[in-house]
Amino acid sequence: PGREAGVIGVPAARAQDRYKMAFIQWQPHTVPAAWSKGIEEVLKPQQVIDYELLDGQNKVEVQVSLMDTLVSQGASVIFLQPIDSVALAPSIAKAKRSGVSVITLNIDATEPHAAHVEMNHYYGAMDIAKAMGDAMGGKGKVAILNAPPGIIIRDQRTNGFVEGMKAHHPGIEIVADQVADWDRKKAQDVLNTILAAHPDLGGAYGVNDSMALGAVDVAKEKGLLGKFVVFGNDGETAALESIEAGELTGTQYTDVYQQGRLAAAAATVLATGAVNASAFGQQSRLLMPYLIATKDNVGTIQASQRW
Amino acid sequence: MNADAPVLRGVGLGKTYGNLAALADADFTVRPGEVRALIGSNGAGKSTLIKILTGAVLPTRGTVEIEGQAAPLGDPLGMIRRGVACIYQHSNLAPAMSVLDNIYLGRQPTRALGIVDTGRQRREALDLLARHDIDIDLDRPVGSLPTVKQKEVEILKALALDARVILMDEPTGWLAAADVARLHATVRALKARGVGIVYISHVLDEIFAVCDTVTIMRDGRIVAESDVAAIDRPTVVRLMVGDKLAGEASGAALQQRHPRGTGVVRMSARDLGKRGVFGGVSFDLHAGEIFCLTGLIGSKRTELVRTLFGSDRFDTGTLEIDGRPADIRSPQSGMAHGIGFVPEDRHREGLMLDMNVTENLAMATLDRHRRGPLLSRGSMARAGRQAIDELSVRPPDGGKLVRLLSGGNQQKVLVGKWLGRNPRILILDEPTVGVDVGAKAEIYAILRRARGEGAAILVVSSDLEEVMTVADRIGVMVSGRLVATHDAGAVTQEQIVREIGGGTA
Amino acid sequence: MKIRFSSAALLLFFAVTLAFFSVSAPRFATASTVENLMSGYAFVAILAMGQAWPILVRGIDLSIGAIVGLVGMIVFDLSLIFSVPGYVILPLALLAGALAGALNGVLIVYLHLQPFIATLATLAAYRGLTYSISGRQLVPGLTTTPIRDPWITGIETYFDLGGSIGLSRLINMPWFPLSFFIMLAVFALLQVLLLATRFGRDTCATGGNAEAARLAGIRVGAVTIAAYAISGICAAIAALIMVARFTTATEALGSGAELTAIAAAVIGGVSLAGGVGSMFGPAIGAFLLGAILIGLTLQGVPQFVQQIITGVILLAAVGYDRLLVLRRQRKLETAATGAGR
Amino acid sequence: MNVAGMLRRDGIAQHLAPNALAIALAIIVVVFAVSEPAFLTSGNLIGIVRQVAIIGIMATCMTFVIMTGGVDLSVGPVLALSGLASYFALQAGMPLPVVILAGLAVGALVGLVNGLIVAFLQLPPIIVTLAMLSIVRGTALIVGGPEQHLIRNEPAYSFIGTGTLMGLPFSIYIFAAVALLMILVQRRTPLGLLVAAIGDNERAAYLSGHRIRLTKTLVYVICGAGAALAGIIQSSQVHTALATYGPFGTELDVIAAVVLGGTSIMGGNGSVARTLLGVFFLGVVNNGMNILNVPIDIQLIAKGAIIVVALALAARRA
């Protein structure tokens, strides 16, 4: 499908010397919002590029439909934060056939494409497990405040954390793994409940920062601050501030702006440098360094790197 | 009595709801070619008995036999297959579906793969209409038809079955005299074909006109059975309602008439018209009189009185209340002018079926039960108890859901709801449909009392007996025009009948 | 008559929407947009048509999204873990959908539960079941393994109808996805079932007045269960189309689909009061929602504004329908009374 | 005497159905308590009330809407938008009452729009409020963006959600107050009766001289304001305002509580008190499964099954 559309579409749009780029995010959230900011920073000054942010509504089918729409619109580059690696692959293949370059953010797709910018969730979560175990002295009980299945990041982070604990701190027991829907309020409720069953709980890992901050709220209320170890994931401003305030123990931080900028730079080359996506024999891969931010090193994160 | 073997027989039937015995130990038979009247006051258990026989209700006790064979209980389809048809008391139609589909509900003739044979369905339906002399648009959604037309659809639905027994639960409610006569012709024709018929009605004239035998029920029990020829009216009434009430019922007609009441004009309509519906309607309604509007079904009496109350608008003419022009645009403003309105269709427009009796009775008088911002349940309950007593609602339980009351008792609740307001002008549209003789007498008495207190009362009724009983003045409507008004004492029923029929041809 | 009328009105609204976007949205009136609409919303249309059945019997089915997820995961497991061939998977998937739907019906009929809460409970349960049987969690490598069974991926085949009949030489014709034809087949089947068969009449009767239907000897319980089973089967078909399109199933597949389907059905004139509706309306309703989303995206309307406009158009669609109904009622009234009946 | 006695007992039988849910609730409480003694600790029990407060407030306020035969799907985004409104009011340095009013006003306004469209244009509530869900979410995202807005150093505002009074979280008092108020309104005011009457037979209620449109509009306003209050509490509890709070599914949780309490989704009779029972039922089930660390898949299946069984019992008794 769309073979003709591809041939006709992209050149038609480009004939006007304008380049259309769009970012299909997973759902409205701080992380994609920061990416989008980073992307815009690079793209806006180049006045021949039209950029927009599109919402995947946390549904694979919406992302796929948006991909189709962008392809038929003759976009030159699509930034994509896929909900699933496989599910978006056919769309990416279709985009490639139409000469549209796809750059994935954070989650790779099984279909090779122009570029992939990522912070590794699996290893990141392993490192969190290690740091967390260290902070707890290698023993005790922890709980995972998790997201519901259905998005791949969740699986990677959970698996990484569980494996990491097994590898680095076999003395630590994961006594609860409960779903709190990415949500701070739900995380408060869930952790409160878990604490009732395990008053000796030593720490909690929130699969994103919001849930971790929810755990911090509970610790604060119960006067456990300092004794209770809480780790998050992502490294948004609120989390970093909380670390500085001595509440949150740590989080996996990555410079999401930078991630966006890198993606945008790659996109510019792909679009204006007349480099066709299919010209790449192999997909380029930009691995973002990450940092397990704790009180010790959080100061090294500059204000401009905070999102 | 008929010597044939009964076609339908109930033995020892009983039904209790909670602790209320709606029906107790009833033995009931219908023979081929017999028209059996089933009568009794409201809540006596007639509908319950009928519903057990059709399988609509599962009896607590007893058995049902068809031609000597035990029939399944609580299985409507099984009973239909065995040739039992029923015209239920309350509408049992799917409002959004066409008349045609409703007549054949669940039994459309089909071809292969369950595809409906619409051609055959329509042919059969048209044939049915022709045979029973009924005129109805087969493609209209039933819900858009007036109540009486819906009743006709119900009748057609039962007739279409070619049943061996037809149970008719108040088939003539809302029907006008001419339609009643037509139905009676149909009943006689069915009887001639050997169909057994059970006929429920509160209008004793009908019983004496078409029925062969009569079964009388009271408080859930069968109290008497007889050939119609062997019994007279007063006896029937006494058996139905007991001695005391029977006296009241027979006394009802002997009241004095007050044409033009106190002489003060409460409501004055001049040249009222609604495009395409009615027109040129002028009349005065006086304080202290009961003015009855009668006419054929479809003569637009309902439409007219609705505009008086404000639930519809008229588009020409003027309306004055107490000598001042009244601009009535909604029921609220109608009520602000002191009008009360008992609508025709208790289920569609009158009652909250899933609320209890007390609440329904208070529905039009909530402002009276207000204490500051709060609602006084106590005052509601008191008013409710009083109304229940006055109208002898059975069972006398204000907490009972209206849905669970018998049809006639529902109607009493509806009337009571408006009487409770003591409106200065009370409009009632077919107020006694489905109400038993005793309660009818009570309602009439209450109307008279309200009249005595100076209320102006406008009654729409198709029941000439009722009109002749209760009216001080009579208006006759034909095709949306008020063709004549009479003082009730100065006119005969025959003349009214002539006038009613006169306009149509 | 009523059904035909309101469908025509909706079609008009749909046409106006298309015309509007064709004029205002760049590249909306192209073959590839039509292609997107067909392949991206055929399954929504199927879900909406399925949803119409529970609504017709005066219920609602909130569990269809979860059934989509469940059937999707069953297909995933059968294909990737058990290597069952596709031609076996297809009927099994439909069966699973039918059973899941029928269970809803059974809960409603035999346990007398309100449809809303019964299907909300099964929504949770089916989603939970999807999680537990998820091959992605049980067999780690499968997360990145696409389904390659041609019987399943074949559903995502496209046909160059325009090319084969030579029309493509004149205008730019879209390629028709197989899923669109599946949708047409489902539509034809269900439309005949609803409008021409006794079962269809019984369904409307059950929804219009369940007590009347019961007393007329209609097996109200069986009809209700069948209606929910149809909804389940449609969800299964939608799941197959989605799995074919994505070459995988996620645990969250189909979540939220119920509200879209309900919206499409109600826009399509299926009355929540039961007993009134057709298959045509829901299908058009689904494509209307799709056209709006695609059109707004092509117009470059910012995503958040899109949500607002979508809401407004939704209101406009039902408002327009309401207006027509009112006007027709008035006309009917004057006509009926004018005839002097 | 025996007739009256009979009737009274009949009445009791009629009222047994709603009690089945209470019985079911008692049973699951016992089951949880036996399998995990910590469930019955006062801390956890208070925790449950705190946890259900937000859904509970929305559900009690939604009950009237559902009783009139309507539904409000837009409560989730309203919760988010009112949090944002309060946040911006805080930013502008307004005094606390104004801040709270700002939040409530947003909710009441959305409710007003819902109500006016449903009542005066007579469009189906499910579609109207679905459209409004979309519109309000879009508005919230435009107003607030996808970022979190931190509420720092606002002790008075934070007290709403996190403060304690006499050993109990303050949010519980708010919940209790709203619940009591709504129960009072339902049982002791004309509005309460009217709402049921409209749901039962709107036409008859109109012909009884009641202001149907006004009443319908009002119930949506109440519902919107309830959602807004929930939004204020939530934003105060999590110290942030965010446009995506009250995500998809929130409205279903709220409606589930109402319907579980025995109010028919088709309108008519219903009870705020029984809605509360529904709220606690769901809250206890969630809490119990969390405390037993039941995995999410089994949790969902069990939740579905428990709801079905509890309601089936209720239906049987009736």
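As written, the chain order gives the labels A, B, C and D, with residue 1 at the start of each chain.
Please note the rule applied: a contact is a pair of C-beta atoms (placed from the backbone, for glycine too) under 8 Å apart; a residue touches a chain by one contact, two chains touch by 3 or more.
This one's a predicted model, so the numbers in the text were calculated from it and none came from an experiment.
*Asks:* Counting C-beta pairs in contact, does B-C beat A-C or the other way around?
*Replies:* A-C
*Asks:* Could you please state the distance in Å, as a whole number, between where the Cα atoms of subunit B are centred and where those of subunit D are centred?
*Replies:* Taking the average C-alpha coordinate of subunit B and of subunit D, the gap between them is 43 Å.
*Asks:* Between subunit A and subunit D, what distance separates the C-alpha centroids? Give it in angstrom.
*Replies:* Roughly 33 Å separates the two chain centres.
*Asks:* Please output the residue numbers of subunit D that touch at least 2 other chains, ranges allowed.
*Replies:* Correct list: 141, 296, 299.
*Asks:* If I count partner chains per residue in subunit C, which residues reach a count of at least 2?
*Replies:* Touching at least two other chains: 131, 256, 303-304, 306.
*Asks:* What positions in subunit A touch 2 or more of the other chains?
*Replies:* Answer for subunit A, listing residues that touch two or more other chains: 148-149.
*Asks:* Okay, what are all the chain pairs that touch?
*Replies:* Those chain pairs which touch are A-C, A-D, B-C, B-D, C-D.
*Asks:* List the residues on subunit B that touch subunit D in their complex, please.
*Replies:* 17-20, 309, 311, 331-332, 334-335, 341, 343, 348-355, 359, 362-364, 366-367, 369-370, 373-375, 377, 395, 397, 399-400, 417
*Asks:* Note which residues of subunit A are touching subunit D in the complex, please.
*Replies:* 27-30, 32-33, 146, 148-149, 175-179, 181, 183-185, 188-190, 192-194, 196-197, 199, 210, 213-214, 217, 221, 236, 238, 241
*Asks:* Using the touch definition up top, name the residues of subunit D that touch subunit B in the complex.
*Replies:* Where subunit D meets subunit B, its residues are 3, 6-7, 9-11, 13-14, 187-190, 192-194, 196-197, 200-201, 203-211, 268-269.
*Asks:* If we count contacts the way the header does, which residues on subunit C are in touch with subunit D in the complex?
*Replies:* My answer: residues 58, 60, 62, 107, 111-118, 120-132, 256, 259, 262-263, 266-267, 272, 303-308, 310-312, 314-315, 318-319, 322.
*Asks:* For a test of understanding, state which residues of subunit B touch subunit C in their complex under the given definition.
*Replies:* Going through subunit B, the ones touching subunit C are 54, 56, 76-77, 80-81, 86, 88, 91-97, 101, 105-108, 110, 113-116, 139, 141, 144, 157, 275-277, 298, 479.
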